[in-house]
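First the structure, then my questions, so here it is.
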């Protein structure tokens, strides 16, 4: 048992997953990840480098992936905004990598460094054009470790940049957890595939003497060719395939934690640090005899539509609590398809909700629905 | 590229031909010089990666029979830094345009130079943005026209050699597409150089820069290059002593620095070994 | 008399000025409680606040998994500076224990506020920066928030070797100050 900080858990999870390349740029509240990597990677034979900005950081990670290393970077909102260009490049070039965004209040410099969850939609839709997205979060230090491990697995399985959303509180929070012993070096399967077909549904193959791969942000086909009359269609096929693969696997990718939902008439849906407050809110409401439960989302994208739909069918109302002015509630409402009312509770002032505030919002929604009210939307 | 000899064809990715470059563009000559340099150095093509950013120069990686990265505008050196650190055995040749290296990517350019990471930048300088149709670049000479400086540029010109020297590049050279024989020589030397090497090559863009500034067609522009440069490399660093007043519009060409200074990947390998790591072993 | 510090979960807030080792003292409390076999969550304020002005570090301790990680109303408060007292002095639960440095002017009138010479004691021992450990010793002696031996272990674990001895000594002096305070008739 050890007292471990959230940012430190990212590092242990990454190293246990074979991460051996880190490029970053300092920014609170993500910097400790970089500082741990700077101390640990040289002695493990990995690479650490501090780049000149966040664009460069993710660019270096992508370059390293093609050079055969497993890379990641970490940042906060302002840096995450800068990284969008290369998140798009990683998506287009199907380069596996992991990006941690420890969220703070935005937009712009916002509140350095108070917690927020305002980057949820940017994590899904950031960068121009369409792309597949895998975005995960966590609400405890142990989950940060587990989520990081999963992120590397998924980055390589789906050949996408996996985004881990943390927040200022979780990054700096310490909890006592059991960490598995870190192997001196992780066993990585050596890549195999057809050198002629480096893209599309084929496995990721770094550059080697046997390959002559052209990696490009231009539209391309499975061979990497970027010209010809059918390139637009070929490229759309690759993108569609990648998006569909994640959609098809959504049930497997949908990590969540159901808390007292068995007999629940009402559900609070939340994620990240806010889910912990919501759990306390459920305690308060249950003590008052309200049959409420909590659906805590660990996977944000793909949005766990099936789980939400099953819940929407059997509860009388749902409340989404999040530290923004109404982002994931939009997806929750869309997934609920009108089967039950969905309201949102949000704030972006740099403070966490108190359990009482979430309980009060849930109670207010219940009152409104019980007097025959329709869908409310109070942010 | 029509005059490429049979001996150089094996360096090129023939299915990607013809290139996107306009008739008369100097970039094909630079690509030929790169192929010639690779041939002279007899490097295993499996160990070479050619990288590029965005713009006319950025298309270079497509035309070589090597692994290749065509990256984002200005940021190719970030990708190259990660790639080189991940696999130090690779020989990296990075094609950059003047807008790519000196405008949007200037920040990355100076830091790669400062680190003295072992790679070779070939800076294709045609004094204009070609791919987007002839807009002003940081290298567009004062009073010269572009579609975004229709009345003549009022900005001072960025000197890539000055910038590279100031940033700490350890091999810095400049030549022109007119100097057909010198290009591959300088490129070979730059590739052999253990550190950050930059060869700036003044290249003609008859389509935009030439037309907008009434410089004639490609042969006229090559003569213009010849007539507006002065050779200044007999003694190392001599060119740096030449003041702008002496030049009155003439750019010095030659080798401006050959210096051995600790190289970044080697430095990192030493750090790793010192911490008990086996990086680079 | 209701003693808030007997509750579970136990909410502890440590406060002072940036540079007084507030975050370190929170980590030490969390480590000690972990060694006691409890679940702990430690949170901290960060940024300009941690370097200048009032700074806080919070620990929640429980026999069960902890949900809400922050402290709204502290059951136990340590206050090393006047600005921290102004900010956090009243944000305590009913029946809370507040150990406040006696150089903080205007404090000590509310129920549960105990004024102790934390900074003066540390200064006399040669290092005012160990006032945080004097305070921790006092908190452990008065409220029993962790086993004292685990407190010592936690200091050995988290304090840099060169400051370990002085911090351990400060902790013991704090324990004595706290014990004397418990023994004294109130």
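Brief remarks follow.
The first chain written gets the first letter, and so on, giving A, B and C; residue counts start at 1 in each chain.
Note that a contact is a pair of C-beta atoms (placed from the backbone, for glycine too) under 8 Å apart; a residue touches a chain by one contact, two chains touch by 3 or more.
Remember, it's a predicted structure, so these values are computed and weren't measured experimentally.
The most central chain, judged by the distance from its Cα centroid to the centroid of all protein Cα atoms shown, is A. When C-beta pairs in contact are tallied for each pair of chains, A-B comes out on top.
Between subunit B and subunit C the centroid-to-centroid distance comes to 61 Å (mean Cα coordinates, whole Å). Centre-to-centre spacing of subunit A and subunit C amounts to 36 Å, using the average Cα coordinate of each chain.
Chain geometry summary: the mean Cα position of subunit A and that of subunit B are 39 Å apart. Among the residues of subunit C, none is found touching two or more other chains. By the touch criterion stated above, subunit A contacts subunit C in their complex at residues 1, 3, 28-29, 112-114, 168-169, 172-176, 273, 276-277, 279-280, 283, 352, 354-355. Residues of subunit C touching subunit A in their complex: 27, 30-31, 34, 39-44, 46-48, 66-70, 72. Taken together, the subunit A residues at the contact with subunit B in this complex read 21, 23, 41-47, 49, 51-53, 55-69, 71, 85-86, 89, 207-218, 225-227. Residues 13, 15-16, 44, 46-47, 49, 61-62, 65-72, 75, 77-87, 90, 107-108, 111, 268, 271-272, 274-279, 281 of subunit B touch subunit A in their complex.
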